[in-house]
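Two complexes, one shared chain (subunit A), two partners (subunit B, subunit C).
Moving on, here comes the complex of A and B:
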């Protein structure tokens, strides 16, 4: 009897294809007559385009199209504000903005053609910081508007009254920097117009339907004239939702040339074309009682979205309010402002605004714990929201494993023995730090619905074909869906085939974001499989004459419920064929939709936007070299409350990957932007954590079995990235007594802080 | 990358002639680790690549107690690190070669290629300078030898004349009392290029140093010896105070680079720290 794959370590169903090099990525696609595209980007952060001369480029043999803003549709694209053109027209607003696109018979000719384009720019004064952009009299970066892209302000309870009860009030400002998504596969698209004039797009994307919607709007085409197919996607981390111009440019070139066009970013182009995470300056003021209870919380955020705001409105929204739901709070006030600047745009990134605020909040709790003579773990416990609570913003917390996460990671790191070692001599000092986090599993704010649909077809051999529009970007959607269907139909997982998302054949789906796919897609898959199962049992009853209630599905076949010998009444292949014959040729095919019973927030941001909320805690040990300022993470343990780990292997993979990305953000990665230009758009100078730059990673799972999760599961792809930076900063403080509030924690900053501390100690 | 002709000379002399045929359009290729990156980014677009792959004379490592060490220019970093003679007689060199860049580069990049590229943020040149190495150069007019000091001229610039190539690297034989320590410091654990490196070599006699070669690399345009520090070290018996003072002299004796990877002040400070630690290690003093 084959065992259910639920709860078992299950290798990714597409892993073999990837490691053997057989998986097809967008850049691998070869079509007859396919052209290669290249994009010329603005070298100026802000300039007027006086004239573009493309004659020499167009005259180059092999060049099939040289497009400028004049050739692109008038439509503007963007998530909240329609403000961006496929190719810039008249004005460029950031260094890296797409100005000219070329399609040629080879990549080399396309590159040659770019070198033949001359553009006469009139450089204009640029606004590089939110302070400059928001200053009185600053020029609007977009016509007819000031530079506030978005603003959020709310107060619940009375912050003044809360602070009046506080025994300790602490205020500090934290700055967080932009992180490049750093996926292995840069943005890539192949587009062609088929014989019927329909646009076919193969893309590395997190959402085929959002991609199609955006293509339709930006190209001024009916949605039905476009088909988007997801190719194997080598990571997205939020960067491949809807904010890059790659697929728009490829599609525009395909429409203009009538030939297939391939546009694959090289790494430098990807650094320039992709959105990095939203840099924010957060001022946090907390009031606590002497026991550590938070009685008032005031948050002020100034965020810099760059030249185009994309999804950053939503990102800042998360920073402004999500962390409030972790705690039992009564008095909170938040004011957040998003500013345009003449810098490369920022956008969605794993954690989606949570990392920024949780760096501030966890650093703050650590600081206040010390002032109050408390263990920060005690403060996290004392304030933690509990299952059954409704948070201050209306979030209904059905489950939380935060307490167990705190237990697990503090035990693993030997918190009690290691915290506060004051007897250390020598130049290298060790310390431990901890942080806690909360995340959503789904998000109703995307369109006031958050559902998903799964279609299951049973083939004549009794194996299942599964259609879902939710994208697997490497996180494991295909494996998750396979596990669910295999479990429900009692089939071996090898008998399940998940079809890659295709807007022509897949049911509609929002796509892979907000840690929603296991929640919504998983539920839909359960419903679809159970519908199929019911039809199978009914058909078996009809064929065999047994009463339906005496039948059940075991091990891929319908059997008598009470039979001890497991005699088969009908196998699935037989039933699948019988279904076809008995339904005039219609095979067994079911569709099921699951939409979470969540509530969109009101104008005051009160609502319950996700069906479940996941939690995590992380404890790290660091070693600080007091002479070089180098910080190394020597041990890390992340404990993730994912509700129910129905694939522990995948959960640990997500957790470890998130941990590395958090370590990179905290210690290693830093975009160097000078006068609005990215100076280090390559992996030699933008240093992602490599295998030798991280410790042996350890992670644990807490199963809080959420009542609303599929089999109790919650999202598990983002939560683990949230606590890392603060845990490291807190560990640095524990080791050497300096508090770094400005990410990344560079050796220079640590040394400067150590010197300042030394001076203060001797003063 | 633009198209190019791929030439495979059978001797160093032929390679030299080929280089001279079209000097502006030709590049030598050995391991290609740096050249390929430059070509893919179109920073370099040579029309002719002259491969040294068939030049067996440029391979191999030979040690002779009288002549010292001969390292063929095509020796890969990993081969240098693993060579028993190098490990026995020049442990500092083997240790350096085992740590250069990352495994991919060590398995593919060559010592000769590394020297010719003259990238400031690398390891072999400074280590070789401390070991008093010379490069053997083949050119249209025959062979000549240069010290590393004379060979490295500036950022990405060597003393190679048109038509010249390195065929081998020579190190003098080691003597009784020779000690060396090679340190490379990465700004963070995620970087693969050193911020600072320090090659310290001394010939000990009794309690003192009869000779010393102290070379700072990666934070200077080319690896730089610090004669005042060497002189101080030779004049004072090894002690914590000597180490401190020598480290200060090293740090103050260089002109540090200042760039995105580190300011001049920060680099100078790191030179001092790393020098102090290296010298303490060299003399087995309890600083480290």
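Moving on, here comes the complex of A and C:
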């Protein structure tokens, strides 16, 4: 009997193609007559385009198109604000903005053609910081508007009354920097117009349907004239949702040339064209009783979305309010402002605004714990929201494993023994730090629908084809869907084939964001499989004459329930064929949709937006070199409450990857932006951690079995990135007594803080 | 641009080609020969996604020219499996969770081949050091290192 894959380490179902080099990514596609595209970007953060001379480029043999803003549709694209053109027209607003696109018969010719384009720019004064952009009298970066891209303000309870009850009030400001997503596959698209005049797009994307919607709007085409197919996607981390221009430019070139066009970013172009995470300055004021109970919380955020705001309105929203739901709070106030600047745009990034605020909040709790003479773990426990609670913003917490997460972390890192080793004398000092986090599993605010549809077709050999529009970008969505269908239909997982998302054939789907795919897609898969199973049992009953309730599905066959060894009535292959070959028959095909019973928040931002909430905690041990200021993470343990681990191998993989991404953000990765220009847009100067720079990671799983999750599961790909930076900052403080509030924690900052501490100690 | 005639042996098969002097080995493999398992990730020799073996040495094919490989055997990810039978390193990356998005995987697998040829039973630290020419953004490396331990065990026993 084949065992259910649910809960077992299950290798990725598409891994074979990946290890043999046969997985096809967009940049691997080669179509007959395919052209190669290249993009010329603005070197100026703000300039007027006086004139573009493309004549020499167009005259170069092999060049098929040289497009400028004048060739692009008038439509503007964007998420909340439609404000961006496929190619800039008249004005450029950031260094890196796409100005000219070329398609040629080879990559080399396209590159040579770019060098023949001359653009006469009139540089204009640029606004590089939110402070400058929001100053009185500052010029609007977009016509007819001031530079506030978005603003959020709310108060619940009475913050004043809360602070009046507090025994300790602490206020501090934290700054968080932009992180480049750093997926190994740069953005890539192949586009062509087929013989029927339809635009076909193969893209590296997290959402084929959002991609289609955006292509339709930006190219002024009916949605039905466009087909988007997801190719194997080499990582996304939020960067491949809807905010880059790559697929729009490829599609425009295909429409203009009538030939297939491939546009693959090189790494520098990807640094310039992709959105990095949202830099925020957060001021946090907390009031606590002497026991550590939080009685008031006030948050002020100033965020910089760059030249175009994309998804950052939503990102800032998360920073401003999500962390409030982790705790039993009565009094909160938040004011957040998002500012445009003449800098490269920011956007969605794994954790989606949670990382920024949780760095501030967990640093703050650590600081206040010390002032109150408490263990920060005790403060986390005392304030933690509990299963069955409704949070201050109306979130209904059906499960939380945070207490167990804290237990696992403190035990793994030997918290009690290692915390507060004040007697260290040597050059290298060690410390431990901890942080806690919460995340959503789905999000109704995307558009008042958070559903997912799965179609199951049973082939004549009794094996299943599964259609879902939810994208696998490496996190394992296809494996998750395969596990669910295999489990429900009692088939070996090898008998399940998940078809890659394709807007022509897949059911509509929002895509991979907000940790929603296991929640919504998982539920839809369960429903679809059970529907298929019901039809199989009904057909078997009809054909065999047995009563339906005497039949069951075991090990890929319909069997008699009561028979000692489960006498087979019919196997699935036979039933699949019999489902077709009869009067009124058809291939067995079912569709099921699951939309969570969540609520769009109201005008006051109140409402249960997700069906479940995942939690995580992390403890790290760091070593600080007091002579160089270098911080090294020597041990890390992340404990993830993912509800139910369908696939521990994948959960640990997600957790480990998130952990290193968080270590990178906290310690190594920093975009150097000077006068609005990214100066280190390559992997030599923007340093991703290598295997020898990080420790072997340990992680634990807590199964809180959410009552609303599929088999109890919640999202598990984002939560683990949330606590890392604060855990490290807290460990640095534990090691050497300095508090870094300005990320990243560079050796320079640590040394400066150590010197300042020494001066203060001697004063 | 001058063109050159080169003769190489790709995954055991002799290949003769004319290439412009400036053609990178990675572009030659991918665009001229259709061996797209070798990936382009950074074009500056940092990420290692384009790693191949040239005459038994691990080479970043985005940093070498096709003409430099003239007369030498080149082994790419496509040549590693024996027909339908995967190489033990490939098996171990699959079963150990040593891959997620898969884009860096061919490079890591080739780097592992080079490592295990030189050092059949590496320690964890030796593996971590040996991989510092390859970037992965998905796995955090831990399951890659574990996969390589399993592969070493499978290939070379205890």
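In this section, the second predicted complex is superposed on the first by the 760 of 763 C-alpha atoms of A that agree within 3 Å, B and C clash if a C-alpha of one lies under 4 Å from a C-alpha of the other, contacts with A are read in each partner's own complex, and residues count from 1 in each chain.
Just so it is clear, a contact is a pair of C-beta atoms (placed from the backbone, for glycine too) under 8 Å apart; a residue touches a chain by one contact, two chains touch by 3 or more.
Fair warning: this is a prediction, and the values are worked out from it, not measured in the lab.
Legend: residue contacts after superposition of the two complexes on their common chain; A:183 is shown touching subunit C, with no touch to subunit B. When the two structures are aligned on the shared chain, A:632 is found in touch with subunit B, with no touch to subunit C. By the document's definition of touching, of the two partners only subunit B reaches A:667; subunit C does not. Applying the stated contact rule after C-alpha superposition, one finds that A:688 touches each of subunit B and subunit C. Of the two partners subunit B and subunit C, more subunit A residues are in touch with C.
In the superposition on chain A, A:748 makes contact with subunit B only, not with subunit C. In the superposition on chain A, A:389 makes contact with neither subunit B nor subunit C. Once chain A of one complex is fitted onto chain A of the other, the partner contacts of A:370 are absent, as it touches neither subunit B nor subunit C.
In the superposed pair of complexes, A:411 makes contact with neither subunit B nor subunit C. Overlap of the subunit B and subunit C interfaces on subunit A: residues 108, 684, 688, 690, 692-693.
Interface residues of subunit A, counted against subunit B in their complex, comprise 108, 111, 268, 627-628, 630, 632, 664, 667-669, 672, 679-680, 684-685, 687-690, 692-693, 746-748, 751.
Subunit C makes touch with subunit A in their complex at residues 20, 22, 27, 30-31, 34-44, 46-47, 49, 76-78, 80-81, 86, 90, 93-95, 97, 99-106, 109, 124-125, 127-129, 131-145.
Residues 1-3, 41-42, 102, 185, 187-193, 260-263, 266, 269-270, 273-274 of subunit B touch subunit A in their complex.
On subunit A, the positions that touch subunit C within their shared complex are 9, 11-12, 14-25, 27-28, 30, 107-108, 181-186, 232-235, 237, 264, 266-267, 473-476, 649-650, 652-653, 655-661, 682-684, 688, 690-694, 696-697.
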